[in-house]
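Below are structures written as structure tokens.
Two complexes, one shared chain (chain A), two partners (chain B, chain C).
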Partner chain A sequence: MADSQHPLDAERIEKVFLIITAVMLLTFLGALFYSAFGMGMHLPDREEQIDVREVRDTPPFDEPGVRQVGDNEYEVVLLGYAWAFQPREIRVPAGAKVTFIATTTDVIHGVHIEGTRMNFMLIPGQVARVEGTFREPGEHLMICHEYCGAGHHIMYGRVIVE
Partner chain B sequence: MSTPVVASPTGFDLPTAQKRAILSMVCLGFGALFIGIINGLGQALNYASVDILQYFPGMRDYYQGLTVHGVVNAIVFTFAFANGFLALTTSRALARPLNATWLWVVFGLMVAGTLLAGYAMATGQASVLYTFYPPLMAHWSFYLGLALLVVSTWVTTALIFIALRSWRKENQGERIPLLAFISAATYLMWTVASVGIAISVVGLLLPWSLGLIESSDPLLSRTLFWYSGHPIVYFWLLPAYVSWYVMVPRHAGGTLFSDSLTRVVFVMFILLSIPTGFHHQYTDPGIGTGMKALHGALTFGVFFPSMVTAFTVLYALEIGGRRRGGTGLANWFLKLDWKNPALVAQVLAMLTFTLGGITGLINASYNLNQAIHNTAWVPGHFHMTVGSAVTMSFMGIAYWLIPYLTGRQLVGRGMAVLQSWIYFAGVLVMARGLISGGIDGMPRRTNMLEAAYSKPSWELAGMLTGLGGTLMFVGGMLFFAVFAATLFFGKKTDEPMDLPLTTTHHPPKTRGWEVKLDRFRYWLVAMLILIAVAYGPFLVQYLPAAFESPPYQFY
Partner chain C sequence: MSSVATAGEKTAGHTLGHEGEDTGLWSWITTVDHKRIAIMYFVTATVFFFIGGIKAMIIRVQLWNPEQSLISPELYNQLFTMHGTTMIFLVAMPMAVAFFNYLVPLQIGARDVAFPRLNALSYWIFLFGGIYLTSSFLFQAAPHAAWTGYATLTSAQYSPGFNTDFWFIGLSILGIASIAGGVNFITTIVNMRAPGMKMMRMPLFTWMTFVTSFLLITAIPIISVALIFLGFDRLFGAVFFDPSMGGDPVLWQHLFWLFGHPEVYILILPAFGVISDVIPTFSRKPLFGYPIVVYAGILIGFIGWGVWSHHMFTVGLGPIADSFFVAATMIIAIPTGVKIFNWIATMWGGSVRFTTAMLFSVGLLAVFTVGGLSGIMHASAPVNLQQHDTYFVVAHFHYVIVGGAMMGLWAGLYYWFPKVSGRFLNETLGKWHFWTTMVGFNLTFFPMHFSGLFGMPRRIYTYSADLNVDIYNQLATIGAFIFAISAVIMVWNIVKSWRSGERAGPNPWDAPHLEWSIPSPPHHYNFPELPTVQSREPLWNDGERESIQAVTMKEVETEPVMPNPSFWPIVLAFSITLSWALVMTGIWWVIALGIIPVFVSTLMWALEPAFPEGSGH
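For the complex of A and B:
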């Protein structure tokens, strides 16, 4: 439509624009899936289910806490309930492989260890299992980031990387 | 060279009774927004450590206000506006009246739904937020109210498709007028999308709150919520897109690029809006990573029609700007009619939507989501989409819609233009605060003023959130001043008015594959297949649900 009123070759511009868009989206998606399945930055997967009414009697949740399970490997069994985490303070060494095994005893809660990509939901009846490594020593807030009732904003803990 | 987007371009005037019903819906919607924005000010200021919610009559805590804010803005406002606006566009496009009685039924359902949910929220018996995840339990009237609001959209779907069917009978072999096609496409998508929330609310949560069912399955209800909860964002957005495609070119003096491309965009929304819900549940346990990746890829697919939209609106604006004497690469943008409040509001809405779209793509970005999930980033994102792109578009539409429905001239054009700029500046400042705070770990949906933890670096983010929210509030109140003044004091005019309708540069094809675009039945089948692929494997694996989770009322 290159007439005097419309000095634009809109059809060509449209094609180029849409091709760039498609290439861009595919590139982004490729990068994401490479980071996930190539570099191992995984989202929480489907794990076992438990009866939410009997969480505290179901191993490993009968003994929440941090324990060393291997050479440089730690396991954190974490419980969320209105309105606290158990344990409230988690100490792990820098560079260790840390696996969180977590669930809730009541409503939905969330866990975000700020400054990291440790970010997952606690859903009644579902076990969350997330792996990660804290590379630098330091302290992180562990925040319940899903609304869980009137005291939601007092629900938090700390992760201390030594 | 140009073709109309409606069946009867010379004009068709709706019967007065129908205009009244539609006006009532629009007023209900903006009335809800008024309450929502007042609550929003309380939330924004909370981030800046200023507590005004304590002065709100009957307000028990932050979360009660937040529930009201979410429900009235994201459900009542958007549903009421869409029901009225797209009923109108369908009727105008087909040049045939709708059924006035059923229009009033739609309005009545919305009023009843709002009152029921409103009662539960106002009395503090439903502080479960807009997402109402079980096992937090609300009063039964909350769920019943939500159900009626959803049913009001279904009645609108019926109205639209009944009108469309009788038009097609009388006009066999003709293309559906574009404006009717995109209006109907929006409601087709939403009707299938809303089934999830309907099953959860009517089948599980309402009987649960009445004591007929003892327990809930939180992951199942959460999944049903997001089955509807992602496409609902397109149900908010598509009425604005209808305006951007068919009306904004007229305001700008430009033209719509392509009839076929527009239909393709809406068909893509029908197909891809729903099988994307797991990208809200990336961090949920209980859902496999394979299914999450599939939903992630499909979400990237539904970004594509929005990029087509970006092209099309830029085309319309550029043609308009150049016709007004604009030259060069960007000068045409300055030449747009910056005194027309309907255009200003919607062009600014498009600008915030650019940022809203980019941040949305980041949300959808699989493991990158872990960096920002449930942080203040998320409200930062959606205030640039539904909180401004949609809201400002609806305000812009109101600037011609209220005169059209009432026969009164707009009062305070200057203030209407100013209002858009203030709201626009406000949302950018607020989003800057929320986005930066979110990247820094500041949670969303949290009473930060009374939180047991904080970080010094959150302070600036919180201040910007409060400042931006205040500006949005001022912009919003100026809108309501213009709205009310027009409604009650606008000068009556006898001039016949019509919707602002564009012409189309590439007209609808009467032969070839494009004709098949009009077969909604095909798209419905394709849509259901995609949904089965996206949700089937999870449901097969997950069902039968456990229903072991006892209810809690922690508020």
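For the complex of A and C:
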């Protein structure tokens, strides 16, 4: 190890470090672009605005629930309010394309479907739209992940994949 | 110990300062001496550390079993909000400022900071602001909207009562102390370096103080602006964050994290500075790649401004914004990684002494790297979606803030305590402190990675048994109690060693920097004459060390003129706190009247001479 203190050798080590770091960075960024464009993973999108005072009278939020919109395609209209989800129980078939359309009537809430990467915020005045597919039948907890006051811990529902 | 240790024998024997110095209560209240202000910062921050720690213990006990209800949800929400607020604003930041205060003038060869009275003002504002914020518990109105205070949960509609008022006013008050401190240290470092102390010869701790100070004066005003918006929303019916009137709750998140992310670097850079001084001393080697470590610190300061939205991936900002923040966040890992390699390279081939200070530094390298790696995991947006606002995040930032910032400051405590007190901290107790910290800390926070990935949300009063995370929570609670014991050991060690620790000379560790060239504890004027510096490690070069010690260890006949003590800083700090507290009334003329004492005490301060008359200043 005495050799490593030679100045030229230190330079070599530094170069190796720099190359390793650069390769790691490029790999990470490559993986990111591949996941975004190759695999089509998208973050929750801010689709449209909504008047927070009239959410319950604005379609589709006047009728929250699950509805089939096409062959093996479902829409879930989801409302969050302090401190519950409406509907509390969501039933969708395995393998179907599911689109969540969601908003809140009061403060910021979140939707985290346990065991999946579905995790999005419900922001007053905005409509969140997230697509996904549940491949395996089973049951997932749907938890509010954004702290929303005294009843935050009782704000959860279930997604049942049949 | 080194040969210079014996030279300090004649100065040892004082627990605080030197003969003829006033040590009464009034002298502490009116002091403008950076060393005394530093001690007051440290003691106050340690008291708040215990206050914040007790809150954490109650939280951990409440989470022992699923669906447990030992305390009410309302109290739980107040506890976690105030735990976060206390630990960040009243512990980690002021604890770092204690080190800035004591060391920066000593490391650059100055007699005090640039604005001694402003320095005292910062401390008193911090103290009164902290007391004000904590007093909210007495009125059962402690803040309860989480330390991030997301709109619209903080609005008058969804958070009636004084809880959120205490929060936004308390943080506004504390912001003043931070901004004043930042200005003070930048001016001191730019203007008051001893002859020959070029920027690129400054010890790394001073460098990191410099970078942190810039972050303070640029980041804190952003949160202050956001808090004032919030105050107008709450008290005077403005609608900055109210979506029903065209305001935007996401604006709060942008403002908060635009402050909040540089804040992370405000917390970690001082710790990086500490271990960049500790590791070379105990490896007996100059810091490997000094300029690279400096530039990496500056780069972290710059890139730290471009990563804030990685806290907001679930908001729905769109793919372009998200991709940018993913890339920026991954890039900021590079300078941090470079520093880690530099510290390891410094130890490589050195003759390493594992004192407690060194153990904490090496411990930081290990533990902080775990936190850094989980940080890179968050940076990837698709991964982030599974982790956002779960206990995984709680694990991550405790690894960074406790395992990074706090461990670094504890390394600094063991390293510089002999300089402050003239006595060593007990090494046996120190090692107990270190190992209980390592075991307790890791046992508390490592299991949270798992409970988070299994879906346990953060800020949750209790959790469903369906999540199957009981075991992780119970491990964490056991760990938290071990960690609490480590804090008690630390305080016991400080108290015991302050009174009867083994005596230390001027340079007990044989360290290379200027603060070790003067007696321990230093004279109140620090340097009898200003030394001339010729290199980065002045005390490691024989000739240079002798020429510096000839000046710094000299007996003086007439003491250098130092600034007058003043009680206007404490009066002004109290007036500022009072005027902000009156904002809670929401009555405009009461608020207006409250400003009068601020003006009066500012005027009296301005009219008071800063130095003794006829001293030529």
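Please note the rule applied: the second predicted complex is superposed on the first by the 154 of 162 C-alpha atoms of A that agree within 3 Å, B and C clash if a C-alpha of one lies under 4 Å from a C-alpha of the other, contacts with A are read in each partner's own complex, and residues count from 1 in each chain.
Throughout what follows, a contact is a pair of C-beta atoms (placed from the backbone, for glycine too) under 8 Å apart; a residue touches a chain by one contact, two chains touch by 3 or more.
Every value quoted in this text rests on a predicted model; they were computed, and no experiment measured them.
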item	value
Which superposed partner A:Ala94 touches (first chain B, second chain C, both, neither)	neither
Partner chain(s) touched by A:His145 [first = chain B, second = chain C, both, neither]	both
Chain B versus chain C as contact partner of A:Val107, first or second or both or neither	both
Touched partner set for A:Val52, first chain B, second chain C, both or neither	both
Touching both chain B and chain C, residues of chain A	1, 5, 10, 13-14, 17, 21, 25, 28-29, 32, 35-36, 41-46, 51-53, 82, 106-108, 110, 112, 114-115, 117-121, 123-126, 128, 141, 143-153, 156
Contact set on chain C toward chain A in their complex	73-74, 77, 144-146, 150-153, 158-159, 243-244, 248-250, 289, 313-319, 322-323, 326-327, 330-331, 334, 337-338, 341, 345, 348-349, 376, 380-383, 385-386, 388-390, 454-455, 457-464, 466-467
Footprint of chain B on chain A - complex, ascending	1, 5-8, 10, 13-14, 17-18, 21-22, 25, 28-29, 32-33, 35-36, 41-47, 49, 51-53, 82, 103, 106-108, 110, 112, 114-115, 117-129, 141, 143-156
Chain A contact footprint on chain B (complex, rising order)	61, 63, 127, 129, 133, 135-136, 217-219, 222, 257, 261, 281-289, 292-293, 296-297, 300-301, 303-304, 307-308, 311, 315, 318-319, 322-323, 361, 365-371, 373-375, 440-441, 443-448, 450-453, 455, 505, 541, 546, 548-550, 552, 554-555
Parts of chain A lying in touch with chain C, wherever the complex brings them together	1-2, 4-5, 10, 13-14, 17, 21, 25, 28-29, 31-32, 35-36, 41-46, 51-53, 82, 106-108, 110, 112, 114-121, 123-126, 128, 141, 143-153, 156
